[in-house]
Amino acid sequence: MIEFLQIGLDGLMTGVVYAALALALGVVFQGTGMLNLSQGELAVVAAYIAWSCVQAGIPIWPAIAIAVVASAALGTALYQGVVRFVPPHREDSLMTLGVTLLLGLNAIISIIWGTDPRGFPSPFGTWVVHLAGLRLTSQQIGGVVLVAATMLVMALLFTRTTFGLRLRAVAQNPRSAAFLGLRSGLWLSAGWAAACAVGAVAGVVAAPTLGLSPAMMTVPLLMALAAANLGGIGSRVGVVVGGLIIGVLTAIGGRYIPGLGGDLNVVFAFAIVIAVVLVKPAGLFGRESVVRA
Amino acid sequence: MSAPVVHTEPTGRATAPDIRPRYRTPGFWTAVVAVAIAVAVPFLVSDYDLFNLSRVAAVAIGVASLNLLTGFSGQVSLGQGATFGIGGYAAMMAIRYLEWPVWVALLAAIAVGALVGFVIGLPAVRMGGFNLGLLTIVIAALFPVLLYRFSDFTGGQAGVTLAAPAFPSPTDSLTDAQWSYLVVLTLLVLTIAFLDQLVARRTGRALSLIRAGRILAVSNGVDVERLKLQFFVISSVLAALGGAIFAFVLGLVVPESYPLVFSITLLVASVVGGSRSWIGAILGAAMVVYLPSLASSVIPGEASAYLAQLVFAVVLGLCVIVASSGIAGAGRRLASSIERVLRERRATAPPTPPSTTREEIR
Amino acid sequence: GCTPRAATGSDAQSADDSPIVIGASWPQSGPLGSVAPGLAGLEAAIAAANEDGGVDGREIELVTADDAYDPARLVENERKFVEQDGAIAVVNFGGISIAGREYLGQKQVMGVSMAGNSPLSDIEAFPMQRAFWPDVSWEAQLQGKWLTEHAPDAVVGYIGFNNDLTESHLAGLAAQGVTPAQVAAVPPGTADLSAQVSQFQAAGVDTVIINIGAPTGGATLAYMDQIGWKPTVFLSSTVSDFHTVINISGPGPVEGAYSFEFFKDPSDPRYADDDVIAQYLDDMEASGHEKDATNALALEGYGLGAALVDALSRTDSFDSEGLLAAWDSFDGTENPMLRDGITLEESSHGRVIFQYQLSRFDGASWVDEGEIEDVRELGIVE
Amino acid sequence: MSAASSGSPAAPILSLRGVGISFRGVRALDDVTFDVPRGGVTAVIGPNGAGKTTLFNCISGIYRHEGDIALAGADIQHLRAHRRAAAGIARTFQTPTLLDAESVFENVLVGTHAWTRTGPAGVLLGTRSARREEREAREVAWERLTAVGLAPVAHVPAGALPHADRRRAEVARALASRPRILMLDEPAAGLSAAESDELLELVAEQGRATGMTSVLVEHDVALVMRTAGWIAVLDAGRLLATGAPDAIRQDPAVVAAYLGTDAEVAA
Amino acid sequence: MSLLEIEGLRARYGRVEVLHAVDLRVEEGSIVALLGANGAGKSTLLRAICRAVDTSGSCRFAGMDLDGRSTATVARLGIGHVPEGRGTFTDFSVEENLRIGAISRTSFRSRSAVQTDLDLIYETFPVLREFRRRPAAALSGGQAQMLAVARALLARPRLLLVDEPSLGLAPLTARDLFERLSGLRDAWELTILLAEQNAKLSLAIADRAVLLSRGRVVHDGPSGDLATVDAIHADYLGGGAGR
């Protein structure tokens, strides 16, 4: 039983990274209607920026702050420099653009920082908590707190301010939004900035566990996609819960379902996601959008 | 009934626009010329180039199958590479373990492709864009893992290889590479002719309706699920065929050939080439085959591989931005605007009779 | 000879002074982009040889191409090397070399791969293909043998990739009667193994064999250290160097780990004063690759280059056949990448390295434990 | 298609029995029961949100609904939407929905899907019957297109049409499906009085020629009174009244709920 | 000075010009009915004022030149637009749609002011209050039309451009709406440019009527005049001004 709980807990902690990345995916999806496949790579950039700052002698927390801000700036730049030239509402073009950004960012990361994997210090120190036979590392606890805080900030931003409303309006119907005085360029880049800031948190939370390498977010991105489907990409709580569930299901599946093991463990999680979306296409927390004649 | 305001040129037609026979469309003749050139190519270039061209042709079949799915029936798949790979494995294993002849092995690949298409298609046609994206990306991600997992069966890392060329030249006057290229080219042309017919007329219109929205489609009598499933299966069949041909060209199948990235690359090729165009499929395939090595050959020095990747990404990005309907779409637009300019120049020469001015046609 | 420069001494005569062409298709981008320094080492070795007058007055021309670890591109590159550049040998990295061996066989061109994958030992079916690293299963047998001798009751957990390396490794262990109680075979890209570690712990694992590269191996060791779990650790030789593991985990978590090693690590402080390494570092710098010089993979690529130059210096004819014959006749040949006392040897099955030095990480450096072991003498290889 | 393929001429072409539907608590239709007489124009009127469009959606099978619907005596409530379209139920949409990138002609041509039969295989092989059918479809589409007056813009992309022409294109598309029942959802909205009269006249003419029945949802009461032979009034999802135009005009409940003072209704 | 002064305005879609040198003035506080047959260019004129199509020519709003400004800026200057096809945010709830209408009102007092206006809107269209939590996509055609008009009103524009507001409204509701608009003109100092097929409804509240034909203004005068103009331009109005 302890083992089951411990493995579930480990999965939950792994899921934190998925959750953070899925949150970023969700923000950019709500804010721009784009499924941004380069979100993982953007998170990697943030992690490298933080790492470089640490190398330059900046303490870890300011370094992380710099990475978050720089990511937001990068997001804005990407929107203004690239994304806005692609016709919106062209799902496949936007997705291809995401792949293009992924390849491009990956190349830039590799050129600037090299492909050699590196260690990344945990900003939370290296202590361990034992509780009722279960074990949590400082990194795991800190990651949870950081991601929860990010989710909270996003929730406040989206519900307490008109930020979310503007973002969604511009994404959903740029023409009508313009008639109401919303500058779509401004808000779309704001959406990108917010998403990239969230992505930066994902990168910084992931780096100490996963190590820094240009490909570090490839698998988490896949999981984050599944998380977004499971929870409902339109729901901030949904994507986070989705990420955690995916983490747990993957860990449990790998351990307890015969024949899955460490490589097919994702099958269990994915099968459940697919079953859920077949029954509830908008995901667990998503709201079905009404289509009527 | 009062006629509508028309701000474009009047057609003045009194009857339904004719169904133009294929041989009267410019596209048909472009295709004929292209095929003629393609047939002449093996006698002009080296075997090495033919190998690459054969790869392009095989990948083009895969991209075309994806065009059918994405461009025409509106289902974006991120997993076509897996089906492509399944076709390759099916054909190679049929030859290697069952010792079936090559052509029968191709049929086996087709059958397996149909089965896979049906199994994936059943849930897929019930899913919308985002969910379908996940389903297909999962399939693409799991495929290589499964290949390793069942390595007794699939050969694991060593994969399955052919001991002899799949399409050996029957005559001494052609090298194996030349012959194989011609065979692959023929299959590509047949595939495209097939697809071009398939999306014409009534089915083509049904597909437009489906892309425009479910309610519109069913209100016009289109059985959306059924048609989508049919197209999912056909698309898988062609992907499997392309994969089998690709495997024959390469002479082997190994898991590394079919990572998730490959599936995504196929989608990129489809979009960049032009997902509603068959020429686009070939252009897209040529792009993914040639551009990476081209980019690495023009960029010398340290870190060249990643600069090359960056160049690749920039070129893709430019294509997506400049030509939102793909390179083929941009080409078509360019051609039609040239045509229009020419036409206008011709039209402005003689004084236009007043009875045909725009205002008058109401 | 011990450096690529040794080649200069060759006294074989040839009327021709056109360059000898060798092709290298290597992952420089893509999923294995991080192995690119191997190619840098290879280039440095060839450049050094050319600097010193080449082989028999002939320059060695190394044509390279990126294959992004994609078999189709590998085959494309090989075809280009062979058909357009006239290469007499083709060098690759890793398991996808399998994709090209059929073609090389047809064209009668020698292929050398830096890979421990067992299928590449099959020189009967593919007589033109050689592999530079020893077969992984041999090292696995050494580990198994050590375990049966020193810890017969060990409960073993194994962590590796879900590919044939793991299969070969497990087969090697099994040959020595060791069956891991727990196997975690994960796909490349998985980095968070905390659940697997918990599973190992719960199963009472006390010995962990890690054959998984950067960054996962290092991250896992760091995690194990943080949670205070200290089993006996075996690191496979190819994943025990500073770049792959120690720089990521930090030295502490690796302390006490064992590894059967055969190559040096330019980052290991113990080689700070090593002449051969100094020469290597100079050559890396001279060829503009100083950035990669501390990477063990670069040293291995350099070693591979030196071995090729050595073979060329001994060949009668500068073609594939001659090179292959020379390659198959190493005899106690020193090589810059190999640890002291280990040499390149001839064999009938294409591999050239048979000796290992059991090492233990003392917190700063790998230190030798006992004598060099030779898998041929131990009966692991005939 | 024959006008009286089944049932006696007196029998209703469409009968609704207890049709109802709810959306998350909103009872959009409740126990709607009435018959649509064969031939001519039947109007369905009612205030905004009364359930008129929803009724069309139920009849065309887009929603799963309660109750029974019979087309010419045959139950169709179990048929899926595309089967109902094939059975001869055509409609237009309240917000005109066209394939904006395609030409107007293509937009009308898609309407023929309902009665053409060629499947992918037939298209692929280009059989003689497939070609004949295609030719016929094009002729029908062209004829309907001309009838609504869109022939001059046949090759213009539908996205460029002004609002009123979009309505016409939709009507032409529906007519091209050779319907037995044509459901028009506010066809006159955005058209001037003369234009809508013309459009409705055209529909009526088609009805006389083919035996097609039209069901009209419209807020232009004068137009309704002029064209419809039979009127059903919905209010808040319930059937308020049915009857001939004169009777409806007098019905106090209808006047209160929908029509307002008599002045509004002056034809 | 008129609130809106348009001179020689041209608008084009791609290469096709559909407005040819339109001149138009809208006085502050007036209601101007824009009439014209199908395809005359009414919607295009409204879009041109909002800079939502390719335009040239002069267009001044409250003394400011609109040339070179974006649609969003024009909206922030105080021009509201109820577009053809409504353009509601279908995934938003009704109330979100309304609130987004007021999003550009930034004065610090606006919060309570918006609430007051919202209450007024709910009073006018009780059905919107009833459905305020539902997604706008669920609304019926007429309800959505009300929402579109209400949303534009909540922005408290100085100039409201309305494209066929009566579309899909039941007769009583349409009459109500027009009365309400006429009332708001005084209460909120609105100026309204009204493109409407239903000439009878719009002429009833309009001070002036402008008749558009094939992209040109063919009549511009007090709305009462249209009885006589009617005969001349019968075909432009499609056979009669009144229904």
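Think of it as A, B, C, D and E in the order they're written, each chain with its own count starting at 1.
Going forward, a residue touches a chain if its C-beta (ideal position, glycine included) is under 8 Å from a C-beta of that chain, and two chains touch if they have at least 3 such contacts.
As the structure is a prediction and not an experimental result, all values here were calculated from the model.
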item: Partner chains that subunit C and subunit D have in common; value: A, B
item: Most distant chain from subunit E by Cα centroid; value: C
item: More contacts between chains, B-D or A-C; value: B-D
item: Gap in Å, rounded to a whole number, between the CA centres of subunit E and subunit B; value: 47
item: Rounded Å distance between subunit C and subunit E, as computed from the means of their C-alpha atoms; value: 75
item: Distance between chain centroids, defined by C-alpha means - subunit A, subunit E (Å); value: 43
item: Subunit D and subunit E: spacing of chain centres that average the CA atoms, whole Å; value: 30
item: Shared interface positions of subunit E, touching two or more other chains; value: 13, 37-39, 138, 238
item: Residues of subunit B engaged with two or more neighbouring chains; value: 2, 4-5, 7-8, 145, 148-149, 213, 215, 219, 306, 309
item: Interface hub residues of subunit C, defined as touching at least two other chains; value: 29, 31, 33, 36, 162, 187, 291
item: Of all residues in subunit B, those that touch subunit A in their complex; value: 70, 76, 123, 126-131, 133-135, 137-138, 141-142, 145-146, 148-149, 213-215, 219, 260, 264, 267-268, 270-272, 275, 303, 306-307, 309-310, 312-314, 316-317, 320-321, 324
item: Subunit E to subunit A touching residues, read off their complex; value: 50, 52, 70-73, 75-76, 80-81, 83, 87-92, 96, 99-101, 103-104, 135, 137-138, 151-152, 155
item: Subunit E contact footprint on subunit A (complex, rising order); value: 162, 165-166, 168-169, 172-173, 175-184, 287, 289-292
item: Residues of subunit D defined as touching subunit E within the complex; value: 23-24, 26, 46-50, 52-54, 94-95, 160, 162-165, 185-186, 189-195, 197, 219-222, 258-260, 264
item: Contacting residues of subunit D [partner subunit B, same complex]; value: 60-62, 80-83, 85-86, 90-91, 93, 97, 99, 102, 105-106, 109-116, 118-120, 122-124, 126, 130-131, 133-135, 137-139, 141-143, 147-156, 160-162, 164-165, 168, 173, 177, 194-195, 198-199, 202
